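Order as written gives the chain letters A, B and C; numbering starts at 1 within each chain.
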């Protein structure tokens, strides 16, 4: 009896404590949150970008280089989001995992067949904001568990267990979002944002990204006067009540557009989590907060 | 007590109402320039020692000496741009700093000749302190500038941008500026350098013309002949004053040898003064001037 | 669309009206101040000031947070004035040339800013972007700012015009005339610094740099006297702003870039065709 007891204890211990500590480096806070949920306690997760930093404009520091060099694995969101980190990824000694690889990527106008450059189908760059579709994050989760298991076979059962648990949370989130979105009539599902972040969200939940303040997929582009005029016309003619801005981008241009068209500015979290005390301290919180903001904002009369 | 170069409110000046820059009052019976025991140290080196002389109002003095003799330094000390380390400088009874009646034309003016100003504009600049801050040039100022330009015969070039002037015209422009400034003392550093004969004579004529306006002039020159023929007094300088007075007295063989280190004779001839370098003379350097 | 409609159409949009006022105001102001900058060989002072304010912005972010652009503006302005005085002081008495002094302060302050920011990691670029404006995004408050500060700068330039010109053209004369030459030099540096900060807060750094240098340089080729050079420069600045904005509206070009390209086009026209300094006429005469 005692032997069984000790064995059970040992098994439990083996399941809940990973045998070795894996040093993990993640690029954004969103990636960091998801990875940490799978990796669990005992593994060191370092996030390169601080809260509210803009991934499109981020410049790595020597500390980042050191972190990457020491890491056992580096997780990136991928699809071109962390382009500014490319020069220093060469110092990584372990695998560099681009989580969005293998996902069905969208371009600005529709599905993007990156790598298959033909004249008709070349939509340009891929949209990197894949995390706004929880099913994509589900794919991330599987990948993370697989990679961590490779590096730390002893911890595999724990990783798999946590991955399964998180996936069910993601499924819950997905269902909840569907319910919330149903409250919005179809003609109201129009998104105007500072830059084009909600492509995957729009595709999954039936929204339309009708315009952005900064053209294209990055916060670094400059709009022309014609772009802004077209945006204002679209807002006026479609009766959009809200402009959504992220926390990472200079919002003065968006504010002027909103003031001129009589719309409201609503802040959502796009490239980064909030701080630990904020309303979007984890990926799940971020999605819940954003969806609530979107649904409430668009329910208002313009 | 360390002497500093000109700051506002130096001794000898008084404030005029409305904050206008103070104008030193000229003492009635003081000579135009009175220098006693003047020493100037520049960069640790004694550039001038023990210079003493006076210049009466309306007279013209030529300063001559070899390169590095301190001619420029002396002029700058008189202009109040360099503080004396010993002795004193008096212009019309007061130190130079309170005066705005001193015109100084340096050797290389360091001016950007492409600056978009005309001859008229440059001459008008001489009147800045006469006009005063917060005010603009008035009819009287414009008249004075026109007269100054006429006095140096640059009236028809008044609208030219300064880049278009010849060397002689540039010097005349600076003289006109001195006149517009209503200067009582003009300090000119090598105004004839690099000019052809015709321009030299023109400039010398204008300098002589300053006498008519009671403007005293102190001019640094290289050419001993010009110094002797065109100026009332000469001052022979080589870091210290070697001689001061009429050209005949000052340009003695001893003095010249002391200054230039070789033998020079200044002689009067029918066609004017000329300088002869006696290379056979012993007791001095054999090198050229 | 008829010509009249084409001219009037953009003004249906308030952001175009504000943008036009901002672009023309900044163009005019920078051209006048830029005349002194170009003539004194201080052409890269605009870029230097824009970088040198980084420590001030770091201080502003650390105390007021990133969202408060007004606070960042005042921090930047204060830093710029100090930087200007520093540049003036280092180049006092000609012991260090002015362009060298500008470069030294620029390098030092920028490095100081980076050092400060590395304590608040990851912001380096974002930080300055949070101050840089965009001509299409100016608010009414920005217009008031430019009007107030621009007006003060122009007023001071007008009041002290003859003294500033003398100090710039012939400092020896200025000293002989017993003008407070150092004070006027410092004043000029400060006026340039204020112009730079207010302009880059309103229209961004690329446009500010161009408007400070290009219209004044063009006017230099076309004018013989300084007042006319300033007037022509201001006119060119205003025209570049207006034409550039129209290009941005009808041609879908980024507005800042469009304005700069128009200004550069004017410059090359003047370079070729100027009666006194133009290349065509030089070749013809020789």
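In the analysis below, contacts are C-beta pairs under 8 Å (C-beta built on N, C-alpha and C of every residue); 3 or more make two chains touch, one makes a residue touch a chain.
Treat the numbers as computed from the prediction; the structure is a model and nothing was measured.
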Chain located farthest away, centre of subunit A as origin (C-alpha)
B
Name the most central chain, where centre means the mean of Cα atoms.
C
Round to the nearest whole Å and give the separation of the Cα centres of subunit A and subunit B.
78
What's the distance between the Cα centroids of subunit B and subunit C, rounded to whole Å?
41
Which residues does subunit A have that touch at least 2 chains other than itself?
none
Show which residues of subunit B lie in contact with subunit C when the two form their complex.
6, 8, 21, 79-81, 97-100, 102-104, 106, 109-112, 115-118, 121-122, 125-126, 128-129, 131, 133-134, 136-137, 161, 177, 181
Write out the stretch or stretches of subunit C touching subunit B in their complex.
39, 159-160, 162-163, 165-166, 168-170, 172-180, 220, 223-226, 228-229, 276
Contact residues on subunit A for subunit C in the complex?
48-50, 52-54, 57-59, 61, 63, 222-229, 232, 248, 250, 252-253, 255-257, 259-260
Subunit C residues touching subunit A in their complex are 10, 13-16, 18-19, 66, 69, 118, 121-126, 129-130, 132-134, 136-139, 245, 248-258
